[in-house]
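For reference, the structure I am asking about is given below.
As written, the chain order gives the labels A, B, C and D, with residue 1 at the start of each chain.
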Amino acid sequence: MNGYTAEEMMAVAAARKLRDGAACFVGIGLPSRAANLARATHAPGCVLIYESGTIGAKPLNLPLSIGDGELAETADTVVSVPEIFSYWLQGGRIDVGFLGAAQIDRYANLNSTVIGDYDHPRVRLPGGGGAPEIAASCKETLVILRQSRRTFVETLDFRTSVGFGEGPGSRERLGLTGGGVSAVITDLGELAPDPESCELTLTRIHPGVTAEQVVEATGWPLRVAAGLVTSTPPGERELEALRSLRTVEEREPAG
Amino acid sequence: MNGYTAEEMMAVAAARKLRDGAACFVGIGLPSRAANLARATHAPGCVLIYESGTIGAKPLNLPLSIGDGELAETADTVVSVPEIFSYWLQGGRIDVGFLGAAQIDRYANLNSTVIGDYDHPRVRLPGGGGAPEIAASCKETLVILRQSRRTFVETLDFRTSVGFGEGPGSRERLGLTGGGVSAVITDLGELAPDPESCELTLTRIHPGVTAEQVVEATGWPLRVAAGLVTSTPPGERELEALRSLRTVEEREPAG
Amino acid sequence: MAEIVSLEEAVAELVSDGDAVALEGFTHLIPHAAGHELIRQGRRDLTLIRLTPDVVYDQLIGTGCAAKLVFSWGGNPGVGSLHRLREAVEHGWPVPLELEEHSHAGMAAAYAAGAANLPFAVLRGYAGTDLPAHTQAAWIECPFTGERLAAVRALRPDVGIIHAQRADRDGNVQLWGISGVQKEAVLAAARSLVTVEEVVDELEPVPGAVILPTWVVSAVAVAAGGAHPSYVHGYYERDNAFYRRWDGISRDRDAFADWIREHVLEAAG
Amino acid sequence: MAEIVSLEEAVAELVSDGDAVALEGFTHLIPHAAGHELIRQGRRDLTLIRLTPDVVYDQLIGTGCAAKLVFSWGGNPGVGSLHRLREAVEHGWPVPLELEEHSHAGMAAAYAAGAANLPFAVLRGYAGTDLPAHTQAAWIECPFTGERLAAVRALRPDVGIIHAQRADRDGNVQLWGISGVQKEAVLAAARSLVTVEEVVDELEPVPGAVILPTWVVSAVAVAAGGAHPSYVHGYYERDNAFYRRWDGISRDRDAFADWIREHVLEAAG
């Protein structure tokens, strides 16, 4: 069969970004789903690292939290939280950071802290957690989130994590050791930072999506790359693997 | 029987200083012998901590090095060397530091680095190891060494560890969190810092030793406390316990 | 030497109104029983410290125990928002809640500095973000390279509270699985309480176990099931259904109040 | 991914003349076999880094491999002096040896900073001692309390070399017992070599074990007995008699040269 949802296309497109053998620091939710899909398909040797200190986790079930017991049971090793952030993330050992966000701006800066004013928020979000230093220190960072004018904004309500700051040279000035955001995968397509301007540019659209739609769903005048390509639809194997990713819950609904 | 050597008197006098239940950071050699004697006699609950990261070691044999396997096997827990110095010693958790030295001055500053000039040494000693921070951070520090004009000097060739620096107020000015040296136990007697001047003063002599002898064996004009007392000779139980302390070697001489 | 006492005694003895209290346990071994005892004893004006305030902090905040929250991620893992936390922040109900907000990396480093008796920690972090305005951070220059790095003030809670698998009769504590920042939370604190599933004669060595010797712990209290709805590696699983149910319970002030009355106030300690 | 290669290949591949090399192992798991391979391959002008230079460094220094020693305690544990080290320092034989001298606490913190990719570490140390003149230390002020603390430059060796009990066929390393600063020495280094007693199919979990995943290790080489005369927890005991014998061997240049010829140069890799 070949019917699939935009959600599924997004997860598959994100998973494809992860090369086999990469050490990947994974956020919970969409990033974890995509990373585990990659492990189940083309990247079985991908090393999943969660901020709970689990290094090389190989969960059979999709984790509900970054600290599920199964992550510890299947990990190569479990270290303390201070160690995972100091020796491993800050240590510069992580190839790919995989993040979600509530808001993103044209320079791929991320907000996962608050919508509205910090002191009088419209929506208080969970906050940065591991994201600020994941975005700072990983060799590259992938961002996955659904695309709309609410999420792709002209100005962030709060800058939780730095993509390219104010543009070229910002990361260097800030002393950030990682490479920054290399791709943003959404339910409509993919964006990548322009090599010169660092501004997020539409580089891929998913099948059935038009560039106009994506521009429409973006809160700043989105630039579209010259050689805009269309994503390959999810293959049977990818869809099967994705659909068989289940949380413990989904497998055996609890009382 | 009641014959005993000055060495034995020194070890027994040092052991008596350790109260039961104290957490004691132990240097190898004389300190380790005295601390293990204390454990074998009046202080079975004394927690021995070695800089190899072994916490609560209960060796049956006297360790030859601060990292003998038996220390790890009998310890409550073994932590890394960075952790033992940061979370445990610097953390301010250690009641008593137990050190030896090659030289000591009137303010109980210690030299375990070099005899002669640093760059053209007469004798190059092993160096500080854990001593500088043991002397800095333990609630109190005990020093054990044989007394002579070579070891009790007017001026140290090198200051490896701080007792009371230049005298009153020095430790505070240097920001040292521990209490400093509380007693110096030798083969002739015991010295303690004067509460006002911080200068080491003879407070005890071992049986058969005269104050004059101790003054004679000291490289600075040694002050003698008013209420000079004489150490109680080693008891049978103390001597038995001391003499039954053996290294693996002494038990079963290796080939 | 840790005394082995009842949870009620331990909390009464160790925690006073206005204290800075850290209940730690990173998604695992979360000290819910201790949190409920704090609610039963009606503690007020607490500064609550925790990397990941979740259901137990939602309960403490919703019952008005807290004046300030020091945290780095506040949510119901795998479910969504903490509605009591949000209502305190968004509407000041039942009492206003001051926030001190970190990243995990910054807060973990701050605990580690506290455990090491250092006044601050250094990390590569916060640069370029809006967090420094809401946390205890400063900039510091490397005396060797001239690099600019973030400094965070050490965390030194009045009380550190964690849950562990077990302790022996002398009060030596053993925990394993994901160990988070529990060691640091205990060693950085002036006083500490460890609730355990059980007290045993011998602590059999376990791979990956963290040991806290009795002489660095103030009190040990038995609280079987004391981490529920979180899990205890080797003892019981995470009650994922409860975390989902909590979303509904915590959305409504009355439903929340009823739940607290029934499951905390009227429940045995 | 660590390659599993011969010790000879690994050393030839990873260590060049002039490199800063850290052979770590705190009284336990001391990588003697790797040290001997460095001697056989005639490495020169090495900066040798190690908290506790003992017999293996006495051998490297006595054979003229080292131009500089970075250390915090240099002796023959339980026996006395290192005579080759002393002769290099006291008489510049066979070549002069520059010293950079730390305390254990300072050096351990410097390794930890290196592993964490920080340019320096902060500690309460060195104040009032004569060490700062001979080490890489500076003073730094706490931005929150104004306290003056010591800063030590991070250690970032070119190569970190350790010995471990075992590795699996993928090159994941497992060591247990006293673990010293081995994890930090590997993580702080640009390249790393782990010699192991054996390669196994499965790394059975062991209490207190440290795991170094294959992807943070450059090479693994089998060297059974490779820590002798030090010991390997669970494999063999410390050869205390050898440490005592070394005192005599190392006192005399010719006896030392003979021993090196017989036991290192003419010995199989």
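Here are a few things to note about the model shown:
Basically, a residue touches a chain if its C-beta (ideal position, glycine included) is under 8 Å from a C-beta of that chain, and two chains touch if they have at least 3 such contacts.
Fair warning: this is a prediction, and the values are worked out from it, not measured in the lab.
Comparing chain pairs A-C and A-D by the number of C-beta pairs in contact, the larger count belongs to A-C. Computed centre separation for the pair subunit A/subunit B is 57 angstrom, with centres defined by C-alpha atoms. If you average the CA atoms of subunit A and of subunit C, the two centres end up 28 Å from each other.
Each chain gets one centre point, the mean of its Cα atoms, and the points for subunit A and subunit D are 40 Å apart.
Residues of subunit D in contact with two or more other chains: 112, 117-118, 123-124, 147, 149, 183-184, 208. Annotation for subunit A: residues touching 2 or more other chains are 86, 90, 177. An unclassified topology is adopted by the chain contact network, corresponding to no line, ring, star or complete arrangement. Every pair of chains that touch is listed here: A-C, A-D, B-C, B-D, C-D.
By the touch rule above, subunit C contacts subunit D in their complex via residues 117-120, 122-124, 136, 138-140, 142-145, 147, 149, 151, 153, 205-209. Residues of subunit D touching subunit B in their complex: 26-28, 51-52, 71-75, 77-78, 81, 85-86, 89-90, 101-106, 108-109, 111-112, 123-131, 134, 147-149, 177-181, 183-184, 208, 231, 233, 237-241, 243. Of all residues in subunit A, only 28, 51-54, 64-69, 71-72, 78, 80-82, 85-86, 89-90, 113, 118, 120-121, 123-133, 136-137, 158-162, 165, 170-171, 174-177, 247-249, 254-255 touch subunit C in the complex they form.
Looking at the complex, you find that subunit C touches subunit B at residues 1, 112, 115-118, 172, 183-184, 187, 211, 213, 215-216. On subunit B, the positions that touch subunit C within their shared complex are 21, 23, 47, 55-56, 76-77, 86-87, 90-93, 177.
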